[in-house]
Each structure stands twice: as structure tokens, then as C-alpha cells.
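Next come the structures, one after another.
One chain, subunit A, appears in both complexes that follow, with subunit B as partner in the first and subunit C in the second.
This part shows the complex of A and B:
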């Protein structure tokens, strides 16, 4: 019995995905243990003795041989167990699930806003090529793309928060506020008020890529024969730009969106740190700083899983948007 | 004439006394290991200043920054490997008694794998440290502690640098500044302030910052400096270190020491756990015994190491029998051990018997204590929210105590200005910036206080030439502590020459900072010359006959 080609392709991709995740899981395991020292170094106190340290290591399971630790780790991973955080005393999965929605919301809101703006602005700039607007807009887009995120974030904080007091300086909620669940956060004005500045920073940072990509692709597409044909048919400029040119120009932008989504989940470390946004990026930084191996491993695996999944999704979406890019065509 | 020529030559730093003195091997390049500049800019700048001063003695000195964990690993667990290191001891209330540092830092029994990581070994000092530990007569103990400081000044196992100042700020339109309590060596960020500070208006929540998240909050875990601010509010202790730096009864109504090895405690009546159950004498006995159960509470176990027996002697009283006299017991144990509810923790310890985990890793969903504040919610990476325990005998005047975790210091300063926060408790930035903020914002009051802690350069006495007292004394003599306090710490520190801060005036040896040997580069050169070290073409050599056999730090 032979599988249909599309099923084989999907299985192949799934295999690749699992392979990548295994490599990432193994690398994170090895890398943390290659670092000099161990997590007990974070607790040094004059009252500590060698016995104290040995007891702590035993409690963390770090007294076992490395291969034994690895086998336990992989076996747990296969069972969906990410272990317990050394420092927080809670299951890693609980800590990640707690932080993930904040990162996803920040990423989705920023990416959607950045890409919506970038696509429209890119199409507009391609359409108005050579004008004064383009002369100002392109350097501005390039500058915001090139500016480091932390710098943009600090500028926005200084201006809109410290100086004018329009936005809070950090966190996801006002001091003392507590909201359980994603739903409660999404309908909370306080949450959105705290989201505004980190999201704006990311929008400014991210919009450059879709804008320039859209503009470049549009310029290419506008010279294609089918656009000439559309003009000859007497279609309106709006219809030509939006219905014909833009749809074709969207393909690379959509790919960039999917990849950007994956990358941003793990790449918001800087913005989350500047704005004390309680997402995966901050969890990762704190876990690495304190050598909280299970938490850091869990965060890395989650980020890798999201990234690999988004790559695969980008592939599928690409095929759906452009039937020429199919399994058959690629063969 | 000859002397003045030599002095001139020494001052110019290029004299060769090889003609008059035979020289040993060239001293190898020496390395100061330090945290990276980004992690501790003040410390790094101090290391740079010291390296320059040492170079003027004809030494080849380099600084090797190491990332946090590696730094600790090298200094702590690879004790044969490094030459000199920057290090710090932070101020904690329990260090108000000099015993912990006096004993741990320099007693030779701690050299192999304890806190005497520089390998200082002096039987005379060991005797003094043990004697002060067992001396219950305060003036006699004071004399012993001061003698120990004089001895360390003579031997210079460290180059003490500075005692930093604590910098905190609060909004004085929200909090009545006259109700802040200054604790000796700690400043106004302390337990007493959190319970006594009075709000001026409708805002009754104290909102403070922490740059790092606390670890697991439990009565059997030491959750870092910031986490301890919360745990000491939630869990009562039989005694507490008072604002004067001395232990005083807290959850105990009375504590007496009828014999050098016996402590009698009377428990305060009417106390309740946050779940409404009464605090009993069994709870108190359990709290003193539990850290000693097997290896399930490694962090707190050392604090009960000297306890031979704890027994209830009445419905509200207990007796502690010590293995040996311990002058610091009231501070280092009774003011440190948390009262934990037996009905919650006894089953946990029972359960842990068959598991590899320790009590440190266990965190109740909403931890239960009996202290003046109780937990409302805990998100270790976001915020810790406590509310006033209105049934406590020392009921706080604030409504809630909210610690926000904000790694970005600039954000925290902005939050202070905007009123989002009203107590800046954890400031790691430039002191000048903070002073400027306080000046430009009339609502914000800056508070400075001298810390119990200190910064220093540790010399590895296992490695020549640091095993030579004369060499160490000469190096220490070149250190310009005033300049380090002013330039590296921006004035937010005072010069140090002891592990006991002037903030603990009773224990600090008077004027010890003026007794640093030598005190100038010229004096240091003379000390080296007198000890037989020789400058050859501006490079320092060992005394005649001494070979360099130690490897350069890589």
C-alpha cells in the first residue's frame, strides 16, 4: 500500500520537525551542563557546607551521571514532562503555559499591526514610486528597522511614559491586579493599556520588513504581463493594484509573517525585559541567569517547537496561496 | 644623600636594586578575576584602579572578567587556580552579629571548602574566632572581636575596599517620612519600616521594586535578598534583629539563657496562623527541629546544627539545649528560623522522606505563616502581593505590600516619578542619577545608609607570592580606598579595612581604616624591598633564591 503523495509529504515534514526538536532538546541539555558550575552557585552563603551543596544537587537530580540525567530527561520529554523549576518549585509546563499567552498576544498584536501597516504602506509606496513621500518614507522605514529594539523601547518609555505619563512603565497589569486566564486578560482595559508600549515598540521594529518587501515585490509584479493585460482590459487602478498586483505580491510577505511569528515568540526577549512584560522571553532570561536548567530547557524547546511549526505552516500557506508551489511542482 | 637618591628612584619606579640585592625569579603575570563590567561596574572599576596601582610596583597585572556562574565556580571550587579576586559580602540583618563573618571568613577549618576561600590560616586567629563565639560576656566578646580585626589588619588576607551605602527612595507625599525606621547597617528598607510606615492619604499600598525575581517562597528556603523581604513579613520568628542591630523577642514573649548551653523561650500568647489555627508550642518546637530532619532542609540546617535538644516545658514554653556555648545563637538561629505551621509542614516532611526533593523546592499554593503580612498572590516573575494581617499584634499601617519584579532600573525610576511605585528598594544603577531624580522630583525622598556588607579583593594565599604577608601588605598599601569610594562608587560608599562595618559601631575596631599598612605606593615599594623583593628593569622579582613555580591563570 502506498500513501498518497501529499500524505507522504506531510509525514516527511513531521519527521523533520521531530528530528529538529530532538536536536534542540539534546543541545540545550548539553549546553547548560557544559557551563562551568551548577545551580547551587546561586545559593552560596557562608552557612553552606559541602553537605548542603550535595543535598541540593541531589534534590535537583544533578548528582546522577550525565547519561542517566539525559535518559531521564528524554524519557520525561516523550511523556510530555518538562520537569520542575529548580528555583520556583513549580512544574515547568505550568510556568510556560502561564507566560506563553502574554508572549503570543504581544507577538500577534504587534505582528498583525506591523504587517497590516507594512503591506498597505508598501503597496502605496510602490504605487507612488519616485515621489517625495517615498523619499522620506523609505529612510524612515529603514531607520526604524535598523534601530535596536531596546533603544526604541527606551525612547518610547522616556517620552510617552516618563515624560507624559500616558502609559505605564512596565508589567502586564497595574500593581496588585491579578487576572486569571487569557479571556480575562483580553477583556481587561488595564492589560491593553500595559500592552500598548511594548507592542508599539515591536510594531516600529517589525514594520520595515513587510513594507520594503511588499514595495519591492509590487514593483516587480507591476511590470508583469498580466498587469499590462489588466490595464488593457480597462480595469480601474484600484482593482489592478489591490486585486491583481497586491495578491501576487503578498506571497513573500505571508512567508515572512509566518517566519516572523515563529521568530518573535522567542525573539521578544529584549522588549519583554525592557517593559517587564511577563512572557516567555523573560522566563528564558531569568532561567538562564539562574541556571534553572529545566525551565531554560523547557523554554528553548517551546520556542524551537513554535519556530519549526511556523516554518512548516509557512510552507503550507505558501502552497495554498500559490497553487504553482505544490508538492508536484516541486518534484 | 644616598637615601634621597634611592627615594627619588623608587618614586620614579625604575630603580634597579639588583646591583645591591640579588634577585629571585621574575614574579609571573598576576590575574585579578572579577565579574564582568556590566554585572558590577563599580567593582570592575575598582579592580582597574587596583591593577594600575599594582603595576606601579613593577608587577604585570591583568583583569579577567568571568560571567557570574563561572566566576563563582572558579573562585569557590577551583581554589588552587586563581591569584586574586573581587568579591563581596552583602548586608543581612543576621550579620548584625559579627560571629557569622568573623568565624566563617577566616577560620582555617573553612579553608578546604568553606567560606575561607582565600585559604587564610592563622592558629592565633582561629583561637580568637572560637573564643568570641563562646564568650557570652558582651564587653569581653567585643574586645575579642576587635582584637581579631587588628590581627586581620596585620595579615591582610584581603584588601578591604569599601562598605557601600544603601540607596533607597520613597514618595514622601504618600508615606510619612517620620514613620520610617532606620535599622543599623540596613537602612530604611527593613522589616520595621514595612510594619510601621504610615500612609498620608488614600494610597495605602506600598509598591516597591525588585530587579530580580525571588526564588521559591517557603519557610525552609532562603529565597535571595529580595525574596527574604517577603518571607520575613509572612513568617514570624521567635526573635528579630531590632533597629539597633541587637536581637529582641518577637514571637517569643521572653528569651533567657540560664546557662551557656540552655535557652528558655516563652511563646507569645494568642498568635494565629493565617488559616485561623492557633500557633502552639508544638509548632515552635517543630520549627526548630524540622530543618535538622535528614538532609531535607539544607539551607536552614546549619542554623540548627548546634541544637542538641528542643523540648516543650509547658503549654507556652520550651527549652533549647545547645551542644556548645554559642554567643550568636539568638541572632544566627532564633532570629533566622521561621515559625512554620506543623499541621502543614509535618506531612510534607513525612512525604519527602521517600523522595529526592528537599523542602526548599516545595511551595504551598498560598503559603501560610503567622506574620504581620499574609500572601494574596505570588507570581515570582511578576509580583508578590501581601496584605496586612489585621489580627497580628503588630498590625501594619499599610494595606498591602506589593513587590514588582522589574529588571529595568530606568523603568523603575520612571515608575517612581509617575507614582506607579512609591518605594524604590532595589537600585543597582548610578548613584548620581538617583540623586538627580530626587532633586528634580520634590515628592521623592532619597535615603542613604551605610551597609553591613563590604567589597574586597581576596588574595589566594595558596599561591605565591600571596602566601607572603609582606607581599599582601604591600599590595594592600597601594589601594586608594578613598578614590575607589569616590570614583568607582560615586561617593555611595566609605573606605573599609575590616569585615565589620562602622554601622556596627559596637563591634567595629575604632579607626581600623586608618591602620591600613603603608598607605602609599612609595611605602609599598619600601615594604617589598624590606621583604627582599627586587626590581630589575622595572619588573618585580622574588627575593633571592625564590623560584616562580606557579602557573599563570588561564
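This part shows the complex of A and C:
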């Protein structure tokens, strides 16, 4: 095999990724079977006879040995078959595919805004080190990072929606509107208007990490010998800061971004609930509340898959940015 | 004289007080020769190199004195005028090439940056010049596509030399350029430096703590102790007929060029604090020949032979003291 090392590295990562996904799927299978009771208790009214219950279990394949169930489950999973939602009577896959874009848009928009702000503000604070600006900005960044998301969200709702009426109180669209595709959502002003508050809440929550990380790494990098050399070369301040300092200081921030992307797709549960944002997080909460096992199971697997994929992506992006981490090619 | 330093003082602010890292330093660097600047750690030799570039750490500042370079006092120059000189007239080869090169940029990008932004070359001309520079220092131009971490220590040092020579400066300050390298590579890098210096008729200040490096590569030498030059002159004079006891001690404190390890004699003790230095000769406390006047009064730097300067009360008796200094017991008793 004479694959280039970078390709081998990527394939290796892909192998790890598939392994982790298989473990996650198996754990989910086991967890849902360890839960007390059986699905029919929620699904059927008590007036149903024992025969009907048995027939239903048979229909779902729940009378088979566990091993068989596992194989059926895995094979269905591979075909993208996640079962039917007990409550909504629609295929789980359809419900998830419907909710996923909302979560992804919310996450991407707020994460990008938070990191853009955090990187610029962090770099700026590194320059104004020890000044009055720093004395105000760092506690503020820390406070909004430390405040609970639901509390921040409720404050914003109370002030900007209920008090001033500038923003809607929840949902993704005004009543009566319906948009099917992702593209239609992205060009709809109404959609963005609904997105503003949940996204702002997330930005406030997320900006602290990139800001403090960027500031710390900038301060560290600015003391590095190659920055001293850049000054000796008489390079412009712009070249020194942008081409050398920021480029090097960005490395850990980019990793944090990719990790944050994975984490917040799963972690948006709170914000989506506060703002009734129809994303994966809210689907998950509703499914758990109403014991809609297939839907909850599907949401779990989807969130886990996104998280694991993002972690692997972070790894690949990092090796692309920092040549020292990447495979030692070219000799 | 290409560079003429007079009474230069450089201070560092520290919690314990003001550290006078360079304290009344005189140094002359003629055009087209290598001047060694030698001394032990903390004597201010690296600080001097960095103050010539006017790139000091945050706490450091030039507190007084003159640095005449090409007819201008660069200690008093405005920042914009200083920036115009940096790298074009005055370049720097750093101590450890590892971190001195930006780790996330290919060597090509780092060469082009200097050649285009500072040298005003177009991209194609700059690329051709980069290839030429790599050849000059003995690197394969193919390696321009590499990152610094793909280079060995010696190659990184060569790359740093190529960078320093990019804009054809007249004076290059090399701060411990071979310290981190093993002896064989040291010699190769010194050969590259010496060869380029004579071919390009450069002036160079070679900062080092190693007398062997001075003996091998330099034309002139200035010996620094506790923030000052205590002795300066042509290498042959200073090494063979040292006038200052510190220089005598240094020549014994390093392995002989011919490998006589038995003659290795350290100078006991350590340099005085530079926060509140003693009033007399700064070497007096470690000097085996110190007298009452050495402790009380600071000796002035005087010329004892043509072009051979020393700051020692007993420089007139140097011939006799050299005899005593050759005996190891002299230094152990002190």
C-alpha cells in the first residue's frame, strides 16, 4: 500500500469514527432496554386485552430474543430506518430531518457570531493588556459566560419581547407561515427575526471561551521569539499581528470552535426549550417527557453522531492548520 | 568606524529595582570584519545586541549613551526612522532558530515576506532571490517549501542566516548563533558565516560565551563583564596577551583549542548584582590580583597597545600577572 500518509491519517480517523458510532448505537440499544416497564404500557390504553398486547409486541418484534432484536436494530439503523414515533405517528427519520436544520442553523449562526466576536475582542484585549478596558471587559465576558442559559434567555424574553415587543416570544415562524426547505428558511426575514433572541442568548453564552482563549494565546504568542524577530525585521504592526501572532494564536481557538459545534448541537436543549425553537433539542425533551422511545432513541443517536463527527473534523482541521501536528510528509 | 557605541546604558525595570544590564558600554565595530562580543551569562551581551536593533523586552529601555551607525545616532532615532533601518542596514541572526522562525509558515513565505514587504521586490524577483540566498548558505532551494520543524538545527540556523542577508545589510548581529548546535555543526555554520562575511564584505557582531568560537571566527573581540567592556582589541592580541585578569581567567576557563583539558580552570564566584553594583572595579571581588584601589575606584578604559584597550588598574603589570594567572592555584586561592 502506497497511500500518502495524509490520506492514511484521514482513513484512520474515519475508522475510529465508525467504531465510536457503533459503540454509541449499541449503548443506546442497551439503555433503552434497561428502562423500567415496556413500551406498550405507554402506547396502549389499559383497556386493551393481553392478547392484543402480545400481538403488538410481536408486531414490534419485541418477543424475539435480545440478540435478534439487536441485529434487527442495527440493520434498520444502517438503512436509516429509525422506526415510527409512538405519539406523532410519523417516521422518526422524517421528524428528525425536519428538526435538524433548525438546530444546525441556530448553532452555526450563534457559534460563528460568538467566535468572530470573541476572536476580535480577545485579540484587542491582549493589546490593551492591563488597561481600564480590560478591567471592565473580562468580568463582563466571564459573567455572561457563567450565567445560566435559561436565565439569560428568560431575561431577554422578558425585556425585548414582552416589555418592548421587538422580537417574537418563541417558535421559528409567525403563525400561519410555513416554509418547507432549508433554503426557504434562510431567505425568510420572519425566520431570522425569530432566530434573533435564541441566537443572541447562545452568543452571550458562547463568546466567553473564544474571547478568553484568544486573549491568553495572543499574550503567549506575542512573547515568542518569532514575534521579536518580526519586529527586528521592521515588519508593519499589521503584518506582525495578523500574519504571525493571530495566525498562531488561532490554532487552539479553531479546535475549540469545532468541538463547540458538536457540543452545542447537542447542548442547545435548554435554549430551544426556552424559546420553543423547533430543533433537535426540543424534539428530544418532548420525546422523553411523553415516553416516545423511538423518537428519543433517534434523537440521541443523531446528537451523538453529530458530536463525534465534529470532534473528528476538529482533529483534521487542526492538522491542516498546524503543520507540526499533521503527518510528517515530504522528506 | 561603521558602528560606534559610547557610554550606552540599558535598564530593565524589575520588582527588585532597576537592573543596569548595560552600564556605560563602549564598543567600536569597523566595516568588513567580525567582532566577537564575549562574556558569561547575564553580562549584558545579548541585551546589547537587541538594543542595537532597538527591539528590547517590554521592561527594557535605553537609558543613555550614543550609538553612532552610518553617521546617525540610532539610540535617539524615532521609531519610524528606526524601522526604515531595520533589516535593510542592520540585520539579526537569533540565538535559537527553532522559535525564531514562524512555526506555521513555510520558509518560502517567510523569505518572501521580508523580500517583498521590506525589500520592495516583486514576487517573481523575490522568489529568485530566495533561491539564491538558500544556495548561498548551502541549503537546497527545494527546502523552501518546508516548514521550520522539518529542518535540523543546523539547517534552521542556515535559514536564519539566509533571512538575515536577504536585504544585503551592512551590519549583522549574530546572537549566540551556534550555541544550540553540536560541535561539528557549529563549525559548519561558523564557516558559512565567515565565508559570507568576507565575500559580501559584511560587518558582523558575533555574540558568544565561547572563547573557542571567538578564536575560530573573529577578527576583533570585546570582552564584557557586568554590563561593560573590560577589554577590547584584535583577537590575536587579546587572546595571546590579555591585559585584564578576567580575560586571562576566561582563556583558561575554556578547553584549549588544541584540546588540553587539564588546563581547564574555572573563575570562582559570580558577577555582582546589576541592581546596585559596587563602586570600584566590578571584577574586584573575583579577581586574584585585586588591590585596595580596585575595590574603591573604577578603572577607566585606556589603550595600552595600539588598538588594544583595557579597564584595569594593573594593566601595566599584565605581563607579570599573565604568568601568575597561568598557575591554577592562583584562581583557586581567590
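Just so we're on the same page, the second predicted complex is superposed on the first by the 288 of 331 C-alpha atoms of A that agree within 3 Å, B and C clash if a C-alpha of one lies under 4 Å from a C-alpha of the other, contacts with A are read in each partner's own complex, and residues count from 1 in each chain.
As a working rule, a contact is a pair of C-beta atoms (placed from the backbone, for glycine too) under 8 Å apart; a residue touches a chain by one contact, two chains touch by 3 or more.
Everything numeric here is computed off the predicted structure, so don't read it as measured data.
S.K.: Answer with first, second, both or neither: which of subunit B and subunit C does A:224 touch in the superposed model?
M.R.: Second partner only, subunit C.
S.K.: I'd like to know which partner A:26 touches here: subunit B for first, subunit C for second, both or neither.
M.R.: Neither: A:26 stays clear of subunit B and subunit C.
S.K.: Touch check for A:276: first (subunit B), second (subunit C), both, or neither?
M.R.: It touches subunit B, and subunit C stays clear.
S.K.: Is the number of subunit A residues in contact higher for subunit B or for subunit C?
M.R.: B
S.K.: Name the contact category of A:76: first (subunit B only), second (subunit C only), both, or neither.
M.R.: A:76 sits against neither subunit B nor subunit C.
S.K.: Have a look at where A:232 lands relative to subunit B and subunit C in the superposition and call it first, second, both or neither.
M.R.: After superposition on chain A, A:232 lies in contact with subunit C alone.
S.K.: Using the superposition on chain A described above, determine whether A:86 touches subunit B (first), subunit C (second), both, or neither.
M.R.: After superposition on chain A, A:86 lies in contact with subunit B alone.
S.K.: Where on subunit A do the contacts from subunit B and from subunit C line up?
M.R.: Correct list for subunit A: none, the interfaces share no residue.
S.K.: Would you tell me which residues of subunit C are touching subunit A in their complex?
M.R.: Touching subunit A from subunit C are residues 53, 55, 83-88, 91-92, 94, 96, 99-105, 113-114, 117-118, 145-147, 149-150, 163.
S.K.: Could you list, by residue number, the parts of subunit A that touch subunit C in their complex?
M.R.: 224-226, 228-236, 239, 243-244, 247-248, 251, 321-324, 328, 330-331
S.K.: Please output the residues of subunit A touching subunit B within their complex, sorted ascending.
M.R.: For this pair, the touching residues of subunit A are 35-37, 41-53, 55-56, 58-59, 61, 84, 86-90, 98-99, 154, 157-158, 161-162, 165, 168-172, 174-176, 178, 273-276, 278, 282-283, 285-286, 289-291.
S.K.: Of all residues in subunit B, which touch subunit A in the complex?
M.R.: 68-70, 72-74, 76-77, 100-101, 104-105, 113-115, 205, 207, 212-213, 215-216, 218, 221-222, 295-296, 298-299, 301-303, 356-358, 360-363, 376-377, 379-383, 385, 400, 402, 404-408, 410-415, 417-418, 420-421
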